[in-house]
Amino acid sequence: MTGPPGTELLSDLGRARDEVGEVLEVQLLGGGLVEITARLPHLAATARPGEFAQLRAWQGVEPLLRRPFSVAWTEGDRCAFVLEAVGSGTRMLVALRPGDALRSLGPLGNGFGFDPCPARALVVSGGLGCAPFPLLVRALRRAGCPDVTVLSGAATGARLYPAERFRRGDGGVAVLEATDDGSRGHRGRVTDLVASRCDAATIVYACGPNVMLAALASTLAGLAGPPRRAEVSLEAPMGCGFGTCLGCALPVVAGGGPDAPREHGTAWALCCRSGPVMEVSRVAWPELLALPPAHVA
Amino acid sequence: MTGGHPDLSVDLGRGLVLPNPVGLASGTAGYGFELRRLIDIDRLGALFTKGTTLRPRPGNPPPRVAEVRGGMLNSIGLHNPGVEHVAAVYAPEFARWSVPVVVNVAGGSVDDYLLCLRRLEDAPGIAGYELNISCPNIEGGMDYGQDAAAAARLVAAARALTSRHLMVKLSPNVTDIAEVARAVAGAGADSVSAVNTFVGMKVHRGIRAPVLPGRGTGGLSGPAIKPLGLAAVARVRAAVRIPVIGVGGIMDAGDAVEYMIAGADAVQVGTATFVDPGAALAVLDGLRDAAPGLRARPAAALRGGTVPPAGVEPASTG
Amino acid sequence: MTGGHPDLSVDLGRGLVLPNPVGLASGTAGYGFELRRLIDIDRLGALFTKGTTLRPRPGNPPPRVAEVRGGMLNSIGLHNPGVEHVAAVYAPEFARWSVPVVVNVAGGSVDDYLLCLRRLEDAPGIAGYELNISCPNIEGGMDYGQDAAAAARLVAAARALTSRHLMVKLSPNVTDIAEVARAVAGAGADSVSAVNTFVGMKVHRGIRAPVLPGRGTGGLSGPAIKPLGLAAVARVRAAVRIPVIGVGGIMDAGDAVEYMIAGADAVQVGTATFVDPGAALAVLDGLRDAAPGLRARPAAALRGGTVPPAGVEPASTG
Amino acid sequence: MTGPPGTELLSDLGRARDEVGEVLEVQLLGGGLVEITARLPHLAATARPGEFAQLRAWQGVEPLLRRPFSVAWTEGDRCAFVLEAVGSGTRMLVALRPGDALRSLGPLGNGFGFDPCPARALVVSGGLGCAPFPLLVRALRRAGCPDVTVLSGAATGARLYPAERFRRGDGGVAVLEATDDGSRGHRGRVTDLVASRCDAATIVYACGPNVMLAALASTLAGLAGPPRRAEVSLEAPMGCGFGTCLGCALPVVAGGGPDAPREHGTAWALCCRSGPVMEVSRVAWPELLALPPAHVA
C-alpha cells in the first residue's frame, strides 16, 4: 500500500454498495453529539470496524457531495453514526426524523486491524473520534481480546460520548475519561493517559483531531516500551470516497527504493483507499499538522 | 418503436464507435477498476481515463478538493501512475472489458505527449486518445489549450503518430474556444470534448485564506458550470464539423439532452459519479427512454429557437 | 472599538473615495431612481449605473433573462437612454444624492466611448467612470475586454480626456485576465472591477432550443459564479497595484469578506439586489460588524493560507 | 409611457415594500389551482387591481429569484394569490402551510384603469389569468360600475376558477363560463363570448395566455362597435420586478415621432414598469406571439 501512485492496492470495494435505508432514531447525546440509527441492511451486514459510508439524505445539489461517516455500530440490519452539526451536510443529517430516507454507499476504506487479536487493546478517542469505536470494541471482544480499555477525551464532560455506548453492555470493557476543562475524569489531554497503559502486547487504536493524533504519535515514539502496533483513523476532504477522484490525499512518509520514485519529499496516500486507518509510523506528521484542519475544505 | 433497445451508438470517426453516447469523464472514474466494483461500466458508451503522463506523478498536496455551491473545486495535479504502468498493467485489463476505454493523455512538452502516445500505441485495449490540452502548467510547459497555434502543432504531431481516434479536450478558460477548436480540427483531431474545469477559488472565512494549496485555485466542476459548458459546446459546434463531446455539470438525462440540443454528439458524466456512482448509467437509461426525440440534430434544434427581429444581434450580456 | 461606526471608507484614488466598500453593480440598479424608492441607497459606498452608450439603445428582444441553478442569465443588450439623457436629466439628480455615482460607460468604437465620456465630463454629480470594456460586439465593434492591446489604447484615450476616476470593468471571458488588467493599469486606469458576467446558455428541453434569443447565450451572474470571480480577483490582485473591486455572486457579508481576502478593496453587489433590494445594505451592515477583522490586507491573508511543500507548483485542475 | 428607453415614467414604486408575512391558508381549488392566503398588511393595504408582488418563501438559492404573482384579493390585512405548481418556485409556494413565512415585495407594476368608472366592464379570464380579477371586480363595483360580467375560460371545468370567488358575495356580478372540452359552460374559447357583450361603454379587462389575449385583440379589432378601452395583463420572465434589470421587455408598437427614436422596428416596454397591464393597442401582437411562451425562461 505504500508504493508509488497507481501501484497502490485497490481497496476492497467488492463489499461496497449503494443502498437507501430508513432512519429509525435520532438521539441527541448532549454537547451537540447526535447518534443516528438507520436500517441499512447491507452496510450493517458487511461493515468492519473503522470503515465508513458515504451518506446523503437530501435531494438536489446543496450540498452536492455525500459526506463520509464512520460506522459507529451495527446490530442486526441497523447501523449507527455519531456526528455533530458543523456544516450544511451534517445539519441536514441531524435534522432527519424517523422514517426519512438515508442513502449510504459503503462500506468504504480499510478498517482497523485486529487479526491476530491483541492481548491488550487501547482505544483512544478524542471528541467525535469516538465514532468508529463501539464497533471496534465489540469486534475486539468477539475476537477474544481480554483487555479492552477505552480512553475517551473531549473538551468538556458534556461532549464525552457516553461510556456505556462504548461498552454496549459489555462489562469487560474499561472506559477512562479525560476532559480539557476537568469537568469529568482526568483534567487534561486524553493522550496523557496512554503511556502508563501501553506495553509490547498492546495495540493502540486512535481517532480524533489531527493535533491529538500527532500528540499520541510523539507520546508513543517516546515510550521505552512501544506498543505492538498503533493505528490511527484520519480524515481528508473527499470527493468520491471510493478511490477515483484522488482528492483525499494525506501526507505519508515516502516509501523509498528505486521502485517507489518520488518527485517530491512527501508522498501522498488516499484516505479513502489506504485509509482512513493508517499505521502511526506511516503518517508524515509534520506535514499533516501543516495542513489546514480537515474541515476547512 | 420496435420494442427493443433503440440504437444509440455514436460513430465518432476513425474507428471509435461508442455503443451509446454516455461516457465517464476523465479524472472522475480513475482507470475504471474501482467503478467496475460498484456499477456495470460495460453498459456505458466509453470510459475516459484519468489524465496519464509520461512519468508517474504523485499529484498536488492536500487539500485537493473543496465543495462550493453547486459544484466542487479540484486540484489533483494529475496524480497518476505514468504511462508505462497504464500500458503494461492496465491496458491488458481494458482489452477484456466491453466498454471502450479512451486514454486521457496529458503532458508538459510536445515530446512528453508524443512519448506517452508512442508507448500506448503498442498497448491493447485502447479505443482512442483524449488529448488533455487543458492541463495546467506543469514543468514549465505551456498550456496548449490556451494557445490555438501551439495546440495545432501538438495535435498535428500526435496525428502523425497514431491512427487511433484522437479526441482533444478543450479548455474553457480561453477568450475564444472556437478558435482552438478550429485549430485542432484543422490539425487532424477526430473529435473534441468540451469542457474541462473552470479556474475557480474557494476562500475560507475561518482561516482567511483560500482552501486549496499553492495559488489557491482549482478546477470548478459540477452543476454550477452547466450553463457555461452549454455555451461552450454551442460555440464549438458552430465552429467545427467534427463530433463534439459535451461535458460539464451533467447530473441527469435531461442535462445530457440539453447538451445534445446545444450540439453535442455524445456526453461525459463527471462529478455526478461522485454523488452517485450509478449516475452515468441513470443518464443512459434516461436517454434511452427519450431516444425517439433524440434525433433532432443540433443545428435544427438551434434553428427551432427564438428568432430575434432581423438586424438585431443580441449582445451576450448587459 | 470606539463605539461609533468604524471607518470603512475606501480611497480608490484620483478623488474617488467610497464612504464604504459596498456598491451596487452596474446593470442591477438602473440609474438608482427605482432603488431609491425601496432602500436608502445613500448609505452605500457607490452606485454603478447601467451601461450607458452614446446613443439610446432599445436593448435585445425578449426573453432577456432566464434563471439557472444558482444564477441567472441575462441578455439585456445595453438597453439605456443614451448619454445625452443621462447627462442632462439624470446627472443633476445624482448631484443631490450622497451616494457616489459612477457611470458605467459602454460603446462600440473608441470614438463612441470618448464622445460618451466627453458629454459626461460637463455633467455634475458623477464620481467617476467605470469603462465597461466587457460589453459584447455591438455595431461590429471589437471587444476590448478580450484584447489587452485594444483595451490599453481605449483606456489611454479615455485617460487623456478626463481627470475623473477611471475604473475599468474586466471581462472574465478571457484566457488571461491578468494580462488585460496589467494593460489597462499601464494605460492609466485608476482601478479595475472584476468580474462581468460569464457567457452561458440555458437550453429548454420543452422547446428543444436555447431560451435566450440570437446565439442563445447570455451573461451568467449570481452565486454560481462566485468561485470563478474569486479566482479572477486573486489573479488580478497579484498582477496590478491599483485597487480591485470584486463583483460576482456576492449574496451576503461573508461573500464580500471572501472577496476581500482574495484581494478586493471594495465590492459590488449585483444579482443579489434582485432577490432582495436591501441585499447591499445587508452586506454593508454585516461588514461593519466584521470590521475589526477587515484590516487583514489581501496579500497577508493569502500568505496565511496553506503553504505547499517547497517546489510544488500546484496545478489548477486534473 | 411609450417614449424611448429612459424616458419612460418610473412606475410608482413609492408604495412598494418588502415585508415578511405569514401564510394563513392554502386551499386546493381543484384542477391544480391553489389559493394561498397570507397576512401581508402592507400589500393588503396598498395593492390596486392588476398589481403584483414578488414572492419568496424559501431560503437559499434554489430557486434564486423571487416569483411574480398578481394580488388576487385583499381583505383587511390579508392577501390572496392564485397559482399552480409548474416549476420549482411555485412548487415551494403550494407546499406552504399555515404559519410559514411568506416574503412579499409589492405592490409592483401598474394596475388596471377604472377611473372614470366604465358603465360596463367585461372581465375576460383564461386559466390562471383569473388571478388579478377578484380584486378588480370588487374595485369596479366599489367604484360604482353597475354591470360587471366575468367571462371565465379554462381547458376543463375542473380548472375553472370558482365563479363565487370572482364574485366574493356580490350577486351583482355575472360570471359566464367556457371550457375547451365543453365540460362546463360554453364549449369553446372564452373569447367567443366577447363580441356580443361589448359596446362603446364597455371596458374590457383580460388576462390569460398570450394566444388567448391575441385572439381577443383580433376579435376586438373586428368589432363594428369597439369597446371604450381594452386592457390586457401580460407576463414576462422577470429578474427584479422593480424596473432595474431591464429583463422583462415586451414587444410594443413603436411610439414614432422624432423624440422617440427607434433603432429597430419593434420597441420594448418593461412588463414590471409599463405593465403588466397594457392597452391592447399598445402590444405588438405578432411579435409577442413569436416569442417562446413566458414560462420558457
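Think of it as A, B, C and D in the order they're written, each chain with its own count starting at 1.
Definition applied: a contact is a pair of C-beta atoms (placed from the backbone, for glycine too) under 8 Å apart; a residue touches a chain by one contact, two chains touch by 3 or more.
Keep in mind the model is a prediction, meaning the values are calculated, not measured.
Chemist: Which one of the chains is farthest from chain B, going by Cα centres?
Modeler: For chain B, the chain whose C-alpha mean is farthest off is D.
Chemist: Using the stated contact rule, I'd like to know whether C-D or A-D comes out ahead in C-beta pair count.
Modeler: Greater number of contacting C-beta pairs: C-D.
Chemist: How many Å are there between the centre of chain B and the centre of chain D, using C-alpha atoms for each centre?
Modeler: Centre-to-centre distance between chain B and chain D: 46 Å.
Chemist: Distance-wise, how many Å sit between the C-alpha centres of chain C and chain D, to the nearest whole number?
Modeler: Each chain reduced to its C-alpha mean, chain C and chain D end up 35 Å apart.
Chemist: Suppose each chain is reduced to the average of its Cα coordinates; what separation in Å results between chain B and chain C?
Modeler: Whole-Å distance between the two chain centres: 32.
Chemist: Using mean CA coordinates as chain centres, what's the gap between chain A and chain D in Å?
Modeler: Whole-Å distance between the two chain centres: 59.
Chemist: Find every residue in chain D that makes contact with two or more other chains and list them.
Modeler: Counting only residues that touch two or more other chains, chain D contributes 61-62, 264, 266, 287, 291-292.
Chemist: What are the residue numbers in chain C that touch two or more other chains?
Modeler: 27, 60-61, 63, 69-71, 74, 76, 202, 207, 209, 211, 223, 305-307, 309, 312
Chemist: Given the complex with chain D, which residues does chain A contribute to the contact?
Modeler: So the residues of chain A touching chain D come out as 60-62.
Chemist: Which stretch or stretches of chain C touch chain B in the complex?
Modeler: Interface residues on the chain C side: 26-27, 51, 60-61, 63, 68-71, 73-78, 106, 132, 134-138, 146, 173-176, 196-203, 205, 207-220, 223-224, 226-228, 230-231, 234-235, 254, 257-259, 261-262, 293, 296, 301-302, 304-309, 312-318.
Chemist: Touching residues of chain A toward chain B in the complex: what are they?
Modeler: Listed in rising order, the residues of chain A that touch chain B are 4-7, 10-11, 13-14, 16-18, 56, 61-66, 105, 236-251, 261-264, 266-268, 287, 291-292, 294, 296-297.
Chemist: Give the list of chain C residues in touch with chain D in this complex.
Modeler: 27-30, 33-35, 37-38, 50, 55-67, 69-72, 74, 76, 79-82, 85-86, 89, 202, 204, 206-207, 209, 211, 222-223, 251, 271, 273-278
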